[in-house]
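Below, chain A partners chain B and then partners chain C, in two separate complexes.
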Partner chain A sequence: MTTLMSPPTVRRPRRPAAGPAGRRSRLAVSRALLWPALATSIVLTQIPFVVTIYYSLQRWNMLRPGDRGFTGLDNYASVLRDGSFLSSLGSTVAVTGSSVVLSTLLGLLFAVLLDRSFVGRGVARTLMITPFLVMPAAAALVWKWSILDAATGMANWGLGLVGLPPVAWNTEVPIVTIILVLTWQYTPFAMLILLAGLQAQNKDVLEAAAVDGAGAFRTFTAITLPHLRQYVEIAVLLASIMLLQVFDPIAIMTRGTGGTKTLSYLLYERAFVGLEVGEAAAYGVMTVLVTIVVASVALRTLFKVFSREGIDR
Partner chain B sequence: MRGLAVVRPPAAFLCDTTVPVTVWVSPPLTPVATRPTMCGTTTPHDDVTRTDATKSAGDDVTRRVEAMMLTKTARRKAAPAGAAAVLALALTACAGAGGGGNDDSAAGDGGPVELTLATVNNPQMKDMEELKSAFEEDHPDITVNFIQMEENDLRDAVTKDVATDGGQYDIVTVGSYEVPIWAENGWLTDLTGDLESDAGYDVDDLFGPVKDALTVDGSLYAVPFYGESSMLMYNKEILDEAGITMPEHPTWQEVADIAREVDSDDVDGICLRGKPGWGEVFAPLTTVVQTFGGTWFDEDWNAQVDSPEFTEAVQFYVDLVGDAGEADPVSTGFTECLNNVSQGRSAMWVDATVAAGLLEDPESSQVAGKMGYAHAPVVETEESGWLWSWNLAIPETTQNRDAAVEFVKWATSKEYHQLVGTELGWSRVPPGARTSTYEIPEYEEAAAAFAPITRDIMLAVNPEQPGVAPQPWTGIQYVTIPEFQDLGNQVSQDLADVFAGRSELDPVLDRAQDRAQQAGDAQK
Partner chain C sequence: MTTSRLRGGLVTALTWVLVLGFFFPVAWMVFTAFKPESQAATVPPTFVPDLTLDRFQAVFDRDMLPYLINSLSASVGSTLLVLVLAVPAAYALSIRPVGNVRDALFFFISTRFMPVAASIIPVYLLLQSVGGLDNITWLTILYVGVNLPIAVWMMRSFLAEVPREIIEAAQIDGARLGTEIFRVVLPIVLPGVAAAGLICFIFAWNEFFLANLLTAQVARTTPPFLTSFVDGRGQFLAVLSAAATVAIVPVVLAGWIAQKQLVRGLAMGAIK
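Showing the complex of A and B:
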């Protein structure tokens, strides 16, 4: 029923210009109402960005106050020369990509399971969501001390039960450690979105499929999955956005070692360990540029692939 | 970051309610990296609205989820942002009051003065805050406000304030690494005259090596509040079982042999920091490098990181940790080693002398009374302990210098140590600042296990030349140049690959040599 009502409400503001004066003045009012929000967002996002660009052209180490000045594109040159930007970009893609894919797959699995009705479903759902509600820093500490501790952690205890040797998680497989924690934390998020999708599915279609003799697997791949496409898109998109900014587990567990130095951690290091304000700003600007490219090219391509498959079916 | 002040909402708005504050304050705290991706959200969202009607359900979900996320991020940021706002308010309030106080004192009528002290949130500093009323009773005109911060936040806040002439703080705690750098930048006031002119203060009673580390061109720019060195701590029970006696001045070779001998499935032979960071792994590791005859820089600031001595020392350290050390070196810093040793899971530990006080506390440690202490192991030098102190300094920007000097002298005086002892307990007296502390009978008794050796080490270390060759800076486990925290941090991250066996040592040190040379060139 919402389907019938929403298109007009969405489209109405789209044809404004032609019309009597009354409508135009109403338009002026709506524009005026929009201004405070627009001005706020410009002040809060665009001005700091311009300031960042200005800083990126400065030579400025906080501990050398006397030696500050305009340096042109030197900071950008050193960003490109240093090599840590590219390797960090690689780490970001690896960490974010694998965590997003794993969270989405696991999220889909749990969503399908939770979509069935069983006794205690509400409790199970609440428990499944919990990891997403834990503060990231607290979660990282719990993982570090009680689960992944090499001597007393639960993970190694579990491995010992099945006769496997203990693993020094943060030293030997730092990137796996981070992906593990992030997947644990973001699976509930993907699950929530996909569960909403499953529950919005039209039961008539499923019934019709059953009548036509389609098995559970066939119904799932041919009807449910295409229906879930846009939910998967949303889950992947939002999870990527959140995971790109991930900082806590890296700072607490691996400290950027072994391929876990993502762009946000690199930025933190340049600014707060290196105290190189100019260079950090240059890294920031480069990160912005790269993310815009990635966001507009990669995600679009990805979603195009998705939609083509959806139509084929 | 000063730009943040521009977007700080008007004070009246802050007072209204805390909820909108988070909405206003949190966006500028968002890292730069998040902005473009936020723009990215609109693209697919538009697609969803534009396509056919059946998709509005999805659209709905997007909105619902976005709303959910907003509340979540808002909530997550609420605490720090709120705290920041409150802090900002508190600071402006203090600065205002302090400024007013100054006008009065400048007029010479000795009106009330309000001092703002920014300090690291260590237990000893909290004790100082607890006892400040004693000072305020003696000086009815002066009130002291404490702002306690985490070490990195403090460094950041104070650097910014001092570097930009903010003048918010009248007294700051500064680590011994920063004091010479800040003094050369002209950020700290020279305290030599104030301290030497006061015979009762007895400036010569301060530990000589600690004082040397805080002195630039013969002037003292900060006063140690408490100090530490490093030493070898060992579990006597475990060593007795293996029939080993630890000499008082062991060599690294002896320690390595013992570690490998007592190492078993249940007990690590030794615990040594491996966690990346200039103040983590490179605190003990730099002392090892120095006693092996290596150094970061020679006298002319030429990097020496790829020298045979440096390489040998690091290889020795990595091998020792691999053979007989903790299982997960990259996770292991001071706290983790303290945990291992106090639960009897490590036989030995080379780390800060203050750890002894924690190991001897029966409430938190299972090995209290079972520990033995020896000088830090050596190879080619006589002594290999490090030197660190937290110090009180007065920024140039203060408006209340006289009152600040009064407080600094009080907090680092012999009387203060007596006060802590009688009010809070003798084990809580700030260690490593004054030699006379080690002659107080009550303190000697409370810290009998480790006080004498701590004192010996703190008097024996030499921050002017801790290694075999002369060095162009004062300091033991760090190089006193602004570039060092970055350099140490990056090299220690690469070193994690060596600990894990992902990389050989030589390429790591070759890269480190290049980085160190860049830092060295900046000093020439």
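Showing the complex of A and C:
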């Protein structure tokens, strides 16, 4: 900004793309390239968020349009007093947390397995990324009715083969069905990021370790895992942020029953079934706050775990 | 030597078992789509069914085509718009840095992390008041908002890899901005553009929340339409599997074919 404001300096013969004037015109061009995207983004996401904050300070149910007015923080007070927010927060943390941890661990396993060279590695990788490409609505429907159905599902048939009793997945443990689907869809995502990390490893260091007589396991824990740390962080962070907003499998498989009413589903219910605009807006603002908190906590916890394990650099 | 070979073979076998296990739900879905309804949900599962295309016929008899077309226009339309906006912006952010690059980048990345919950209520009320519900153009525009930050972020990473010397050489030659972008830079980052475009296409094609909420009949896209195949009165697993197969084929095939770009795009968008 200051460069734009500063008075023009003494004129000197201009060379192309140099000197204050050249820089200024370059800046102008850059701004012209940037502002359409910036403006679109602001109009489509930031302004609505500001409006959401405004709505959250209002008493407003769509069924009673006459009774609308400013209520200050009343909506937040009733959101916090109402038990459904806290239980929903719990469900969100449970669903997101377990899916993220499971898919990162499985992603790490698959990344290590698919980093080796073996016959058909390309095909194996192609098959592995497929769950991430599958439309989440299709995945939810197929898992619910084809894999986890209590009577005809493949999961119970598989359990029966090894002599285990069937489980009524969709009615008894709805939260497990959601976590299963999400883990299935996000494991490839974690795997791709971790695989990129493995491939970015310095091969010389690994060879040196082998020369020094370090075994595969020791090499993995002492060299590979610390190297992968930042990739694990990224995988966990991105998956957490995406899964915090997850909606599709909950709407399709459980409709919020059995401890699966996450914040995004609760907001949907309040706003578009209950028509409570003000209160739902307060839920929206709270969801954003939770997302910010989780994103930063997820990162910090990860740092701590790594340094406690003593595998920090 | 032989024991290490044996161990290698075992690890490979284990890898394949796990990979095929992971892929199984997709394979089973496609397989079920080719079964007659009476053999789709049986105990024990039918492994040697009378293969038939009858359920695909049933899917299109239920008029799936308009929904696929809606999905296609929203995905392609939003992806093109996103690229038109994102490539110049990313160019400004990486090759011709603007004053506050960090701020602008932080803005885009934080937008990407903003849950839909933050904006959906005003958006819904606005569309309702202007008659924009059940309208594919509005859905397309909203998808632009969702995908734009991702595309900017990815394109910036790809553009940052373009050797500076090439651009400086073009600038010293006195190349105009248009030439600089279209003749010099774009050919180098074309795979990156393809990767970003593919990822935006996938997200838009698979999107459920906005489509479910903001469309009803005319502009309904495939993901919410799929749920209508669940039928409380009778057997539906084969027809549902056939519809789901049709719905996932475009993205899965595109992802398989452009796997390299996809992986690079995700890695770029995520890591750099």
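Note that the second predicted complex is superposed on the first by the 257 of 313 C-alpha atoms of A that agree within 3 Å, B and C clash if a C-alpha of one lies under 4 Å from a C-alpha of the other, contacts with A are read in each partner's own complex, and residues count from 1 in each chain.
One rule holds for everything that comes next: a contact is a pair of C-beta atoms (placed from the backbone, for glycine too) under 8 Å apart; a residue touches a chain by one contact, two chains touch by 3 or more.
Bear in mind that the values here come from a model prediction, so they are computed numbers and not experimental data.
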| item | value |
| --- | --- |
| Chain B versus chain C as contact partner of A:Ala138, first or second or both or neither | second |
| Which of chain B and chain C A:Ala124 touches, first, second, both or neither | second |
| Partner chain(s) touched by A:Val95 [first = chain B, second = chain C, both, neither] | neither |
| First, second, both or neither for A:Met154, with chain B first and chain C second | second |
| Contacts of A:Thr187 with chain B and chain C, given as first, second, both or neither | second |
| Which superposed partner A:Glu233 touches (first chain B, second chain C, both, neither) | first |
| Partner chain(s) touched by A:Gly256 [first = chain B, second = chain C, both, neither] | first |
| First, second, both or neither for A:Arg31, with chain B first and chain C second | second |
| Which superposed partner A:Asp248 touches (first chain B, second chain C, both, neither) | second |
| Contact residues common to both interfaces of chain A (with chain B and with chain C) | 3, 43-45, 48-49, 51-52, 135-136, 149, 151, 192-193, 196, 231, 234, 238, 241, 244-245, 247, 263-264, 267, 272, 284-285, 287-288, 291, 295 |
| Contact set on chain A toward chain B in their complex | 2-4, 6-7, 10, 43-45, 47-49, 51-52, 61-66, 135-136, 144, 149-151, 166, 168-172, 174, 192-193, 196-197, 200, 230-231, 233-234, 237-238, 240-242, 244-245, 247, 253-258, 261, 263-264, 267, 269, 272-276, 284-285, 287-288, 291-292, 295-296, 299-300, 303 |
| Contacting residues of chain A [partner chain C, same complex] | 1, 3, 16-17, 26-27, 29-31, 33-34, 36-38, 40-41, 43-46, 48-49, 51-52, 55, 109-110, 113-114, 116, 118-120, 124-131, 133-139, 141-143, 145-147, 149, 151-152, 154, 157, 184, 187, 189, 192-193, 195-196, 231, 234-235, 238, 241, 244-245, 247-248, 251-252, 263-264, 267-268, 271-272, 277, 280-281, 283-285, 287-288, 291, 295 |
| Footprint of chain A on chain C - complex, ascending | 8, 11-12, 14-16, 18-20, 22-26, 28-29, 32, 41-45, 85-86, 88-89, 91-93, 96-100, 104, 107-108, 111, 113-125, 141-142, 144-145, 148-149, 152, 171-172, 174, 177, 202, 205-206, 208-209, 212-213, 222-224, 226-227, 229-230, 236-237, 240-241, 244, 247-248, 251-252, 255-256, 259, 262-263, 266-267, 270-271 |
| In the complex with chain A, residue positions of chain B that touch it | 3, 7, 27-28, 31-41, 43-44, 47-49, 53-62, 64-66, 69, 76, 152, 156, 159-160, 163, 181, 185, 274-277, 326-331, 340, 345, 482-483, 485-486, 489, 493, 496-497, 499-502 |
